[in-house]
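Two complexes follow with chain A in common, the first pairing it with chain B and the second with chain C.
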Partner chain A sequence: MTKDAFIKLLQDELEYENELYGNTLIKELEEWDSMSAMILIGVVAQNFGVTLKANDIEAITTIDSILEIIGSDKFN
Partner chain B sequence: MGAQISAISYIFPKNKITNENLQKEFPDYNFSKFEKKVGILNRYVVENGETALGLATEACEKLFHLTDKNNIDFLLYCTQSPEYFLPTTACLLAKNLKLPIGIGALDYNLGCSGYTYGLSLAKGLIESGQVKNVLLVTAETYSKYINPKDKSNRAIFGDAASATLITTSEQNNISQILFGTNGDGAEHLIVKNGCSYPYDPEANEIVYGTDNLYTDNDLYMNGPEIFRFTTEQIPNFVLSILNNQNLEINDVDQYIFHQANSFMLNQIRIKLNIPKERFYINLADGGNTVSSTIPIALKRYLDQNQSSSSRKIMLVGFGVGLSWSGGIITI
Partner chain C sequence: MYSNFNGIEIIGLASSVPKDQVSNNFFEHLLNEKEMRMFEKTVGIKERRWASVNVTASDLGYHAANDLILKLGISKSDIGALIFLSQTSDYIIPFTSNILQHRLNLSNSMMCLDINAGCAGFIQGLYTAFSMVNSLPDGKVVLLIVAETLSKIISKNDKSTSMLFGDGASAILVGKSKRAADTCFNFFSDGSKYDSIIIPDGGFRNGVTQQSFDVQKDEKNNTKTPLNLYMNGQGVFDFTLREVAVGINSLISETGTSINEIDFFILHQSNNYIINQIAAQLEAPKQKMLVNIQSFGNTSGVSIPLVISDYHNVVRNANKIILSGYGSGLNWGNCLINLSRTNIFPINSI
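Presenting the complex of A and B:
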């Protein structure tokens, strides 16, 4: 999956009105909540076989930081 | 000789809390998204004075319209909302129900894995020839443990009770039940105070998740960790149950799992490639009622899909402990 495709997928699943970019500080968005965390864990697990832990969720800043946790080798 | 489920009933408290009610209290939270993703429209909670024992009594009385209570010779009561520290709530339930003096009765403390555990215990009691008819009751009032300012848990959990009659049968209609236990995850779903550690009237309010508040006197759930446990552990557990019974995914007519959250259930379903029509999700009315979700879902499924031919149904419960259990029933 490309980075852009991942961001698009996340956008669709989270159903945010805000447009997401690599440098978006996702947890700063008003729409971020515990449901978002659940959806994010689900999307990542289903597409990359990586399960984000509670402390991964805590560490997240930008969308790019999510990509780093997943592993840049998983993106083309 | 085997054991079988002969009848099921369940009950909710009368006090219904809709998402609209919660929206008024928490105007900043997106309840329409909650509804769509988590799949809960309303939940029921006890009001002042109502207890899990009261709900359990009502659920059993409803069951006695279908069956003769004088045949019951064992009462299994699954709850984490006991009436007192002691005596055993099952003794009080037996009294309320005017069950015969000669029965056995015990409580056991399990949450979302409790119903399938109960089936296993009932099967053991019956198949070892000790008893013939087991009344398995689940009842929970988590609402009493939830901080009023904890919107996530207030939205997810509801109170309820169920009663199931398990009897002897010629066929073996409750398969071997498998189990899993991991106390390392105990801290992820917990009420810390009020038991061996006293209730603390001055406990600090702690913020977690999305502006939810709780204290150590209240129920705490680490959503992401519980979600991770479930989506990592349960798909493989389902495969172990199939393997144990020499079955393939499509040999099972219906999968009825603990109704925790429809998003999470779908994650499990997709991971296992279970077709949608074989996978039961129905928690819109009632929410997550802990050990009662499986009997409620099973009863709803059977009422909605009446059939003269027998069906294989996989039941799996998972949650607080962490604890999980499951197997296959034929009904």
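Presenting the complex of A and C:
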């Protein structure tokens, strides 16, 4: 999966009105809540086989930081 | 901990829920339209049943047990032990099982036991019932009643808990039979996270004080008192995704079976999204995950037997079913069981 495809997928699943970019501080958005965290964990698990843990969610800042946690080798 | 029983089975199972349905519209003051849509899409709850003010968990349990005893036509004198499993008992003292022993007109010559257990409670209670019946004379049975009215301990203004929980009860009769298939259990515990799901006040660590009634507001404007149920949703979600599938795989491996041989998985109905994630981790088809969370919400320890009642026509034709409970404690446990000889009755609204 490309980085852009991942961001698009996340945008679709979260149904955020705000456009997401690599440098979006996702947890700063008003729409971010515990359901968003749940959806993010599900999207990452289903597409990359990586289970984000509570401390990963805490550490997230930008969308790019999510990509780093997943592992840059998982993107083409 | 792994345990295997031979020659013991669930003879019958019946469930009761309150007739009052509470739809998500009741919570419009807590969530906006989009949040509600996302809640239904992820958590999957559309409605739940809540008991009225005067109805307790033991009332629901009484009806389920009475229904089961009547329908099975068993002699009450054959019931050698009664277990009442709940977090919403009638009193702190005495046992609610004693109250039900009298109300159900059961013999005095029996053991009554209450178990305070949460969402893993059905697995824990079933294991206890299997252990007890093992030592009883042939022909004697154990009555397990699992009942909850969590609607009475949640803050109706806390969106992290109020929309999740429903009320209900199940009664289960466990007995011996030479024709019973093996039933296998495994259990896990992590007491370091005891405060992940907790009512902070009202026990003897933090007794009831004037402050126990103070309404506290969190950063999301949810309000509750220390006498209400508190849940660290993110922490519990994290725990279930890390531990539940591992525990199920461990039981499957210990019993020498395989995921493909399992006919159905009945997981605690906490959250549809979690159930789908666990299905993916197990590499099990979603069709094998039996779900009724949309109609009853999270009924804690009752949720698994409530699904069994709901799918009575399906599970009676299955040979291998995995039951999996997980929640407060933290406790989690699994059971590999055959329900093809069990008399399962549909859910009764009272």
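The definition used in the following text is that the second predicted complex is superposed on the first by the 76 of 76 C-alpha atoms of A that agree within 3 Å, B and C clash if a C-alpha of one lies under 4 Å from a C-alpha of the other, contacts with A are read in each partner's own complex, and residues count from 1 in each chain.
By our rule, contacts are C-beta pairs under 8 Å (C-beta built on N, C-alpha and C of every residue); 3 or more make two chains touch, one makes a residue touch a chain.
Quick caveat: nothing in here was measured; it's all calculated off a predicted structure.
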First, second, both or neither for A:Ala37, with chain B first and chain C second: both
First (chain B), second (chain C), both or neither touched by A:Gln46: both
Common interface residues of chain A - those touching chain B in one complex and chain C in the other: 15, 33-35, 37-39, 41-42, 45-46, 51, 53-54, 57
Chain A partner contacts - residues on chain B that touch it in the complex: 29-30, 33-34, 37-38, 152, 209-210, 212, 222-225, 227-228, 231-232, 261, 263-264, 267, 270-271
In the complex with chain B, residue positions of chain A that touch it: 15, 31-35, 37-39, 41-42, 45-46, 51-54, 57
Of chain A, residues touching chain C in the complex: 15, 33-35, 37-39, 41-42, 45-46, 51, 53-54, 57
Interfacial residue positions of chain C with respect to chain A in the complex: 34-35, 37-39, 42-43, 160, 220, 233-235, 237-238, 241-242, 271, 273, 276-277, 280-281
